[in-house]
Each structure stands twice: as structure tokens, then as C-alpha cells.
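Each chain gets a letter, A, B, C, D, E and F, in the order it is written, and its residues are counted from 1.
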Amino acid sequence: MGPAQRSGTLRSRTGYVAPACTRSVDHGSHLFSEAGKGGLLTTIRLWTDEEVSANPRVKAVFDDIRLTRNSEFINNFWRALANDPDALERTWAAIRQIMIAPGALDPLTKELIYIAVSAAHSCSYCVHSHTAAARAKGMTPAQHAELVAIIALASQTNALATALQIPVDPEFEAGTIPR
Amino acid sequence: MGPAQRSGTLRSRTGYVAPACTRSVDHGSHLFSEAGKGGLLTTIRLWTDEEVSANPRVKAVFDDIRLTRNSEFINNFWRALANDPDALERTWAAIRQIMIAPGALDPLTKELIYIAVSAAHSCSYCVHSHTAAARAKGMTPAQHAELVAIIALASQTNALATALQIPVDPEFEAGTIPR
Amino acid sequence: MGPAQRSGTLRSRTGYVAPACTRSVDHGSHLFSEAGKGGLLTTIRLWTDEEVSANPRVKAVFDDIRLTRNSEFINNFWRALANDPDALERTWAAIRQIMIAPGALDPLTKELIYIAVSAAHSCSYCVHSHTAAARAKGMTPAQHAELVAIIALASQTNALATALQIPVDPEFEAGTIPR
Amino acid sequence: MGPAQRSGTLRSRTGYVAPACTRSVDHGSHLFSEAGKGGLLTTIRLWTDEEVSANPRVKAVFDDIRLTRNSEFINNFWRALANDPDALERTWAAIRQIMIAPGALDPLTKELIYIAVSAAHSCSYCVHSHTAAARAKGMTPAQHAELVAIIALASQTNALATALQIPVDPEFEAGTIPR
Amino acid sequence: MGPAQRSGTLRSRTGYVAPACTRSVDHGSHLFSEAGKGGLLTTIRLWTDEEVSANPRVKAVFDDIRLTRNSEFINNFWRALANDPDALERTWAAIRQIMIAPGALDPLTKELIYIAVSAAHSCSYCVHSHTAAARAKGMTPAQHAELVAIIALASQTNALATALQIPVDPEFEAGTIPR
Amino acid sequence: MGPAQRSGTLRSRTGYVAPACTRSVDHGSHLFSEAGKGGLLTTIRLWTDEEVSANPRVKAVFDDIRLTRNSEFINNFWRALANDPDALERTWAAIRQIMIAPGALDPLTKELIYIAVSAAHSCSYCVHSHTAAARAKGMTPAQHAELVAIIALASQTNALATALQIPVDPEFEAGTIPR
């Protein structure tokens, strides 16, 4: 039975006067109070701690995240990835290697770059989570203001270069020849 | 000494009558004949087989790519990633796990999805490489035509939904509640 | 009189303690109960079944959608397009021709490609509607997990190729010469 | 102390049954009623009129916006930019120069172009604000329908040209040679 | 036999000293002189007038394009779409209906909107073709400068709204309630 | 007379065997040798030093760029913007204020953020120019490798969050309440 049938009954409940918010909190709690179980407003199930505990591979990653971050909190991103243990392990391993392991860039600079990419990709979740992470790593309001100003400036000059189809200067190409 | 100085001398050679193509083949061979070494027109050095052979970690990945693909050919993507062995190993491992290991989707379907994402991201390199890969995996002209038609149709309806800011139907949300 | 005046009065009602959600369900129902008419939280009016019935061209398309999908449910996308009968007819005709008519790709594969493009375009509406459609067409959790993994992998390698400006291999170009 | 700790306590309050909407109106008012202060659901503080009045540089820009628009209403965009007076002054000056000063394009055409770019960038805030602005400047439903149709058509043909990597015709290049 | 084998032989001819430009004119003519047939550097075959003449459906569209534009010139976009007569007919019909038929927006305004979307999508082909089309329709340098300035300004404020996740003002939502 | 006529004559010269590269160096020099003047392969004229010297407003900005950068080299971006002195002055002023004036972020960090945004926007020109600028400011190969790895990682997790439509955690929202 496809969503259409389900939605048919749902529609008789809700009609069109209260269309759902993209994340539809109301509709979610409505279904919750009605269905007696949580309405997770996403395209995939977010795992609860209970479900995590029942899956050794997922539990191992969650335990490492909690240990590494020294916090009990696990955000929705990981609870969604838990549906695919391979993706969960692969993604956490990449974050450990790139964002957490000591490297040539400091942790805050890495978060600023992460925010810049997330904003350019219009990823609401990632802008929120990494702005919070950057603040937790000490980003000051002045640094945030400069980050946002650079993101806006780059977006503007990117648009100018693209709208005018400006040819790359040979000098920039030459600048990348290995010596 | 910054690129400006170098470019200054370069400019006295070239001036503005022959601006570089983004990938500037001419400029590259020009520099090549001039500098006696390859001008790889990218922002990073593409490793030659000789350089690869001298680096065990990089050689191990290249050997596995050749073995897995049953071909001596290694495309520029890997020759660029060779500059960062961690990224090279991480990326090849992900491709092995997601694209090569048997799964719930057949290899050609995976390539079609890859092309769709690459086109939506306007990644010229990836559209070219994965269209070639899909053909190598048996994509027919009819399948390619349908793939491109779906990419165009989705781009069109994505634009309609975004330009009109159409609210997500509660029915779609309801469809994702865990049971 | 522009929105400013209206909003001025609205603001005295709401102030800043409860800014609207992007789809602002609350604000919508608030306006509804207050204004005695539906607050459709979008940039355009979503047509009700009553309005559809009064417009022969729109009704003809809605009837065909219901018949083709064998469901009474019509999602918001079509209720928004109803404002432009030309766009409504043109878009439904394209979907019939590309997504519904039998072709070289099976219906589920077509939906997976559609989801991939919609995700790459950050189209929340389309990701939700086509994920629901793919599930209705039999997409398994394992297939969904692989689809999402490929979307993420392609996004990653697209970014690598673009950030490094890797030149397309002549081999891929050669691969497209007509025979 | 990072957000994790705070969120830990928060989670014991909220659990997973009511995940936040991206703009989380409910959660905001919940925190509000609970914390006795406004929960501004964004990554940055939106300035109130009281705060604006206390900052001469910000007040000067807000006064000019009100005077120029002949309206008391100041939308959230400016209340967010107020956190960075340089960005506030720079952005308003650019809007004055490009969108408000008389030029070669009429005010409504400028808004239509603005909406087109905002939709292509998937910027929900900007699509909403500039569609409202275009309506305030007299955009008719027929003009809006055509605008949206062009945005969708261009998105479709952009996708076709990119997915097929169609080479630019020499004729288009030739058309831009200075004489 | 996959592209790898073909490329293997190609590589022994070309090596890595002259990587292909994305559109690789040189490599193309090189292959041409070498292979004795045209190397069309795209992922798909561009139809010649001779091939078009041999296909009634394609010829009918090309004839209508030439008649409608009052020019013998047919750009590569159509020569690529010719591979899929359905897409060719569907796309030309949409362009006729949206861009050519008289409507609420004048032809030049339509082209300006088209350029704006194409630039935002980073579609080099479409920026070139529609800038040429806009000039052919009378776009003045001053109008082009304003168009580009608006594209850059919108890109900048889109980035600010997204990077700061600014909540949509209820006033803009209210502005869209049907009357 | 539109481009079609011009292109008609051009086509008799070139035919379809050597389609132009997007930046078409060859075609440019071909036209150059043929027309006896520079073929600037862009949608707009790039100003020569002679033309700049004849325009006081443009000359003033170019002089300041040379003085500020302590280099005679002026890249194509500015030579294209010269066509719109307002845009030239506005853009250079913003770069002076955001990228050059001392601030809360160091110059190299600013360039890394700029590259990240430019890569996410698929702006070939900006990736090339700012990677060269970052190198001129001391970016090491290790820092470049980390930057690119973060850009790729963020692109991957952005795609995961968007494809799964993961709801933002209330904790991240809470983290932004003003105190």
C-alpha cells in the first residue's frame, strides 16, 4: 500500500488549512499524541539510544564519538547514519582523520572552512551544527562576522567570474607548475 | 616570491592576446617546451608513474586500482589525489566499498546515479569520467538519453518547488514514521 | 499598499519571540483562526479541490494524475502549479513521457536518479516526495542506503575534482567519438 | 563548556519525540516560556529596535532603510546583519546603488532577476522576501508565472548542457570580440 | 572492450605532457587528423546537417528553429539534443511556449532572467548562448552591467541569509495569503 | 544583425570538426591572426592597460591594486570589471575591507575560506586565482591537502544531511540564544 492511501486518511484529518512545515514539528507531535509513538520528521529513522545499544557496530561508533567529544550528546546526524553501519563507520573514521587528528590546520580553522562549504551548499543542518561546533571551539563573534563576510564576498565574486565567463589568467596556471 | 612576479615575466612573453583556456593545453605545452618539463594545468601536481613507483603507499593503491579495473590506465583523478596518500587511500576504499562491492543496486545503476549527482554539481571532470565508466559498463544510448531526460526533468521540478517554496505535504512526512 | 504596512500590524501581534518557521505552520494556523481563511504558507496559492473543479484545464490534469496514480491524493506540487495551467500541463506531460511511460530504465531506477538530483539541488520538497515515491515503488532500506552513500561519495569526489581543478583525461574525450 | 553539556540537559527535557523544525518555532517558544527570554532561532542574534537605537551606526542604516522604503518595517535580514555594522553598511550601500538608484533596468525587472538568482541558489529567505518585494512593486500573477516558468526552463536546459557537456559554439565566443 | 584499453593505446600516443582542455580543441583536431573522422569533444554526438536531414522528426524541429529564428545557424545545444527526438521536441516546444510566444514579460527581460539562472547554475554553455541571445535582442552594455551587478548582489545576500540561517519574516508569509 | 549571420560566415570557416573550448584559446588566436586584433574569449571585453589609463576612475582602482599588492600584475577579473566602474570600485573596496584590512582572522585563513566557497560554487576562475593567492601567502602543500580534504568531507556530509533531510537538533538552536 503506497503513501497515497495512507495520506488519503491523513488528509481527511488535516485538510489543506495547515500544510506541514518542512520539518513539521506540529504535524509530528500531532501524529505522536495520536499514534502514541514518535513522529521522526525526516526521510529516515533516527536511532534512539536503546536501538543503538542493541547493535554492536553502531554502539562502538557512538561510544567512540562520546569518548572523543567527552559528551553524552549524540546529534541527529549520527542517529540517521546509524541506519547504514558502513556509512556510519566510514564517515566517523573520515571525521576522526580529517577534523580531529592533529594536522597542518588548527581545529577552529577547520570548522570555519566546514561552515563555508556548508553555507555554499545551502545545508541548513550543517551550518547549524558546525556553527555550534565552531563556537564550542572558541569562535568569537568577530571571527564569525569575518567568516560570514568572506563567504558573502566570495559568493559575489564567484558570481561575477561566472556571469562574465572570465578566462583564467595564464599566470595562475603557471603558478601551479611543479618545480 | 609570489606569482605576481613570475607572472610579470610570463606576461611579457604572452601579453593578453592569448588568454589561457581554463585547462590551457596550449599554454601548458608552451611552458612544457619552454621549461623542459610537463606543465600540468591544474592547481596541483598530477603524479607520473615514475613518481608513483617511488611511493609505496601510493603505489599500493594504484596497483589495486589497476588490478581491480583490469586495466593499466589510471586517470588524472588518482594522479592528483596521490599528493595526499590519506585522501587517496580513503577515497579508493570508499569507492571499493560503495561502487565496486556487490550490493542492493547493480553497477550500472550506481554509475547512473553518480552521473546525475555530478551533473547537478556541474562537475565537468566527473560527468566525463562517469559517463565513460557507464558506457564501459554497458549503458546504451537509450539509457543515457533517459538518464539525461530525468536529470533535466528533476532540475526543472526542483526549480519549480524552490521558486514557489511549496510546503512539503504532511503525507510525505507521515510516510517516514518508524513502525 | 505594500506588505510593510500589513506586517507592521502583524509585528505588533507577534514581536520577535516567535519568529516564523520557514513554513511557519503555527503562524499559518494563527492567521487562519484569525483571518477566518486558509493561510497557505508558500509564495503562491495552493489550489483546493473545489477550485480545481471549477477550472476545466486544471481539472483534466488532476483527473489524469488521479487515474494514472490510482489514488485520490494530489500533492502540493500540483496544487501550486495549478496557478499556471500551461506549466501544469507541460510538466505533467513531461513526467508522463519520462517517468511513467515504459522505457530503457525501470521505474525505481528512475526515482533513484530523481532523488539524487533533488538532493544535489538541496530541494527539500523533491527529496521528500520522491523518497516517498521510491518507497511506494518498492525501494528497500538497503537500496536507499546505497543510493544515499553514492550521493555522498559523488558529492565528495565532485568536490575533489573541482577544488583541484583536475583536467579531464583525453581518454574520456576519446571515448565519446562517434563511430 | 560546549553545547554538548547544555544539550545533554536539554535532551533530558525534550527527548526525541519532538525534533526541532529547522526554524523550530515550538522549541523556540518552549525555551522562551521556560527561559523567560527570547529564543531567536537562527545562528545569530536578530537585533530588536531597542538594541538598534543604542548603536548609532546601526541606527543610521535602519533609519535610512525606513526612510527609503517609506515603511517602519525592517525585516530579519537587516536585524541579523546588525551584528556586523561594516557588513550592514556595505550591503545596504550596494542595494541602494544597484537596486534602488535609477538605472538601465526598471525596479520590477531587477526584482525578477533577484528572485531568479535566489531560487537557483535555493535561498528560501531570499525567495520569500524578494517575491514579496516584487509583488509590492506591482508584479502580476501572470508575470510571476512567466518568471517561474523561465527559472524552471533555464534549470532544465542548464542541466542538459551540463549533463551532455555540450561545447560552446565558436559563434557565441566570436560574438564577444571587442571591435 | 572498455575505454581503458582504447585509452591505453591513446596514452602511448599522448602521454601526460598535454592533458586535454575540458573541451580539448587540440586533442580533438589531433584525433581528427589522426583518426580521419571528427572528434566532437562532448559526452554525446553532435548531429551534422546531413544526419539531421536523414531524420524527419529531427529535421522538422531544426526547420522550425531556423524558420522561427530566421537564421540558418543551429547551435550545438540542438545538435546534441537531436540524439533524443523526444527531448528535442519537448524542449523546443517549451522554449516556443515560454520564451518566444508573446507573454507578460518582454523578450529581453526573459533573456536576462535566463542568464541569471544560468550563471547561478554555473552553466558556461548557457551563459555564453543566452548572453549572445540577449545582445541579439538589444541588451545594452549598461543593461548587461546592471544584470551582472544584480546577479552578484543576490549571490552575496543569498549567502548571508544562508550562512546566518535567517528565519523568514512572518510578514513575507502573510504577504502570500490568497484573497 | 544578430550573431547568427556572423556565425554563419564563421561556420563556413570552421565547420564542426573543431568546436571551441569553453575558453577556446585556439579559436581566439585563430581569430586573432585572422582579425589582426585580440580575441578575448569571454562574454565581456577585458580592458588593456592602455584602455585603463584613459579612464581616471578605472585607473585609480588599478593603481591602488598595484600599490596594495606591490605588483604590476592585474588579473583578468579586474580587467573584466573595468567595464562597470561602479562594480569595480565597490568590489575592490569590499576586498580591501574584508580580505586586506587586519581583522580577527589571519590573511591565509581568509584565503582558505575563499577557496572553499569558490570550490563549492564550482567557480574555476576563483579556485585558480585564490589557490595561487593562498600559495603566495605561504599555504603549504600539507595545508592545501587538509583544506581540500575538509572541502570534500563537508561536501559529503552536506549531501548526507540533505539526502536524508535530517532535522536540526534543538541543542544547536538552543546554542544560539542571546545571553
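In this text, a residue touches a chain if its C-beta (ideal position, glycine included) is under 8 Å from a C-beta of that chain, and two chains touch if they have at least 3 such contacts.
Note that this is a predicted model, so its numbers are computed, not measured.
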Chains touching both chain B and chain F, listed by label: A, C, D, E
For chain A and chain C, chains touching each: B, D, E, F
C-alpha-based rotation, chain E on chain F, 0 to 180 degrees, nearest 5: 120
Repeat of interface B-E, chosen from C-E, D-E or B-F - more than half of residue-number contact pairs shared: B-F
Distance-maximising chain from chain D - centres being C-alpha averages: B
Copy pair chain A, chain D: interface residue numbering same or different (half cut): different
Centre-to-centre distance between chain F and chain D (centres being mean Cα positions), rounded to whole Å: 23
Mean-CA-position distance for chain C and chain B (Å): 27
Rounded Å distance, chain A centre to chain E centre (Cα mean): 32
Junction residues of chain D - those touching two or more other chains: 3-4, 7, 11, 19-28, 38-44, 46, 73, 76, 86-87, 91, 94, 117, 119-125, 127-128, 131-132, 135, 145, 147-149, 151-160, 162-165, 167-169, 171-173, 175-176
Pairwise touch network: line, ring, star, complete, or other: complete
Chain A residues within the chain E interface of the complex: 115, 119-120, 122, 124, 127-128, 147-148, 151-160, 162-165
Residue ranges of chain B in contact with chain A within the complex: 3-4, 6-7, 10-11, 14, 18-22, 24, 27-28, 31, 35, 37, 39-45, 86, 90, 93-94, 97, 167-178
Residues of chain E that touch chain B when the two form their complex: 2-5, 7-8, 11, 16-27, 43-44, 83-84, 86-87, 91, 117, 121-123
Chain E residues touching chain F - in the complex, by the definition given at the top: 21-26, 28-29, 32, 38-42, 46, 48, 69-73, 76, 79, 122, 124-125, 127-128, 131-133, 135-136, 141, 144-145, 148-149, 152, 159
List of chain A residues in touch with chain F within their complex: 22-23, 40-44, 46, 73, 75-77, 80-81, 87, 91, 94-95, 98-99, 103-105, 109-110, 112-114, 116-121, 123-126, 128-132, 135, 140, 142-143, 145-147, 149-151, 153-169, 171-173, 175-176
